[in-house]
């Protein structure tokens, strides 16, 4: 048994391949998933293996093909719908919020919608204000769906199958800057992952840094920067944006007494706001400093690199927030 | 001044030079952009219009300067033809503060209030409802002019396309819809995404007079646009033009173009709109070879100056990051 | 430390635990209890205050020596190096 | 909109003078915030709010005496009602009429909140666990008390109080005596008292204290009143008929023992602020609470809840020479424990006469609620508890 080195992109592709191979009901549908190979090349090569029916190009009709995915799930299929970017998912928001998330409840539990919707999210590639946003917090607001945010190659590889096993809609957020990340995975090791638990990526005793998606790496970088200053950060990768794993977060804060929440999205009404609020609700008397937040600047993402980077959380700004929490 | 009420194309020597000059500006500008992209001067997505120049040039030559244009993320050509200074467009590609959108938008989001150029929309079909609204405003304010909306055939799959056409027809609004059908919505061929490959037929079902033309022939495009825009201005409601065209380049810079046959691309390149028009105009003695050389020399100079201008310009300081999210209080409408 | 300084220190310690008498003159030979109704709680706080200001260890059996201003000054003079 | 009224801080309080506002129009207030200082017959008391919101209008200005129930200020719910502009001060003193007014939509400038101890929740909890009053901790260089500023090994650190804030008004001793007089008149008139006295050998307590204090650093030394209060609280738990409030013909026993401690004020006067949950506090915690409460009582810096929460009162004359005391119950309570001085007396121990430190403990009870048997139960239990102070 040897380890294989693969990129996040390849990990997503392998996960798709596994799903398509394991279950005949699974099919992939979305814009440019077939001939083009996927906007982020995640499905490159899959049409040759599984055919045009199961790797299905859809017209630029987000509302219709996401809705059709929901219908197909109701009808007994296990669709994986790819939306090119989270900004485009707004065109399908009606189907996701008003249908996928509500059908189970408003039918009194008669129907479930076992659909998986994948989309690329996030900034960092100078794609300006209509291709760069982090709206996953909005999805995290909606009851009736599960929202996953794989931050590592391993999670990108492992989260799809349990997502398909979930009888309810699951949205997988893939940060567009992660696709080229590389890591080693056991070639045929354990592929299971618990899609209800956050992951502690670094143990520490002084402050809990809570991040997700592309910000996990930045948080880990910040943690390394702070070692020299004698600050020992614990870094939690949320992984699941809905429902949030309060237990892991609160247990860590109880230990460290300090929390910094990192979120690429805008601060107001953000996931970071929710997490901060839960910490104060559940661990107020354990806190030795106000909960700090490092969020995206409240501006549509600008095109020039220096402004875009200035608008996003960075290891330096995370480190600064940690120092503040430490009252240094 | 051309008579804007005249449906015919008056191909004077002057006008022919102008058509070729505009197509050349767009073509050479974008070729330069591709180069600058590889040098990392331009970043983000860069969607080139090369091959499709006849559409913007043909249509926009029929519009008055105050008639609004709504375009897509493949809009450098439309901006230049509309009259946005090349310096500012190039500076925008660089993300510089003197760019037409202060550098905030980049390639996909070129805007100019002065030129009534409403961008620069990177959400497919996102511009159609805006154009309908601009036309609605004109109608309600009693201003007799057209609003011109460019989009690709990929947009015809979106709900917003259908909803907008219906609204424009229902309310009899002065919109000229121009569908630049280059046969590929990113990597998806028309036949793989449309049950009925005729886009203009869709407009017809909403009761909008529509016409399909050869988008590689600038004279045909201009003639069709002239007829349509005059009808719109006369208050006959919206019109729809489908131009059949082709992009010679891939969808964006980072596109291996796996979905098109090389032979297909070569076949279309034989119908290069610049070559087609120049050859025809030369043979009709509307132009001579010197004209063509002079145009190329002028354009090269303009581009060189634009690159120098963009290079020399400053980036906006980081302290200004939060600018222009909402209006400053002094601009509040009272 | 001179006796005047010690006297000042004792007075300040007393005022600190009973700010409502701050500034009132202290009869050096009359017990604090008799003068100011200093009770056991005030007195304990006063002793703690003296200890913290001077570092001098004070045992319970020393308490009787500290009941008056002059007694406290004498006690400190003896214990301070 | 909520009307914040002059609270009734005791059955005997009829009116009070507003001394100082701590919150201004536009300030946010939360349940439990101290909003103002009022001068009652019993001294200056900080009064707290029980709603959250934003201070709208202050209807009473400092210096004015108003009856209980007078609207002092309005509190607006934070989101819905922006505060109106402060209205002019009413001039009617005792019976202010709420002026007719419309709530106008406007904004009041946010005024700076009064200074408050800047301490983190974790530090506050740890200091409470250790029995350290946060006021005694020195903040870090940023002015904040965090976990780092709380000593981890020491259990209690009594010491110098921080310099108290100026009271804003002197104790009105005459008013206070009048109030005590009124309460005692009512107590004497309305409560059918009975008293039961029991002599208790407190020698073990003093011996235990001596040993304890010899081992303890000066800051952690105990006073006799601490184990005494602990024993009284535990004994009270055994006899619910003695612990609670009697109001409007109904007795409501209290599940917890909130122990009023009769505290003599310099220059005369008596006040009995309560230590909450005295039955669940250790001797050390009680010592810490007493050391905190008594100086504050003398400064008139009490929370209103401390004036009203007591369910039973302890009156300890331990420092004087009186043999015993027959105290009057503080209404609406139903019992009071009076302890005479602990003095050396001949004592029959087995079949020999020994010299012991003896205290006469009196239980005064309300006959409407309890009778002699209850008192005897209590005193017997108390005696047992004081025999084994190490077990307290």
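Residue numbering begins at 1 within each chain, and the chains themselves are lettered A, B, C and D in the order written.
The definition used in the following text is that a residue touches a chain if its C-beta (ideal position, glycine included) is under 8 Å from a C-beta of that chain, and two chains touch if they have at least 3 such contacts.
Remember, predicted model here, so these are calculated numbers, not experimental data.
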- Busiest interface, judged by C-beta pairs in contact, is A-B
- Query: CA centre of chain A versus CA centre of chain D: separation in Å?
  - Reply: 54
- Message: Between chain A and chain C, what distance separates the C-alpha centroids? Give it in angstrom.
- Response: 67
- Task: Averaged over CA atoms, how far is the centre of chain B from the centre of chain C? Could you give it in whole Å?
- Result: 92
- Message: For chain C versus chain D, what separation do you get between their C-alpha means, in angstrom?
- Response: 27
- Item | In contact (per the touch rule at the top): chain pairs | A-B, A-D, C-D
- Task: Going by the contact rule at the top, pick out the chain A residues touching chain B in the complex.
- Result: 31-32, 35-37, 39, 57-64, 87-88, 91, 125-131, 297-300, 302-307, 310-311
- chain B residues touching chain A in their complex are 43-45, 95-96, 103-106, 108-109, 121-126, 154-155, 157-160, 185-189, 192-194, 255, 258-259, 315-316, 318, 321-322, 325
- Parts of chain C lying in touch with chain D, wherever the complex brings them together: 13, 16-21, 33, 36-37, 39-42, 44-45, 47-49, 51-52, 57-60
- Touch list for chain D against partner chain C, complex: 158-161, 163-164, 171, 210, 213-214, 218-219, 221, 223-225, 264, 266-267, 290-291, 294-295, 298-299, 318-319
- Inside the complex, what are the residues of chain D that reach chain A? 120-125, 140, 142, 144, 146-148
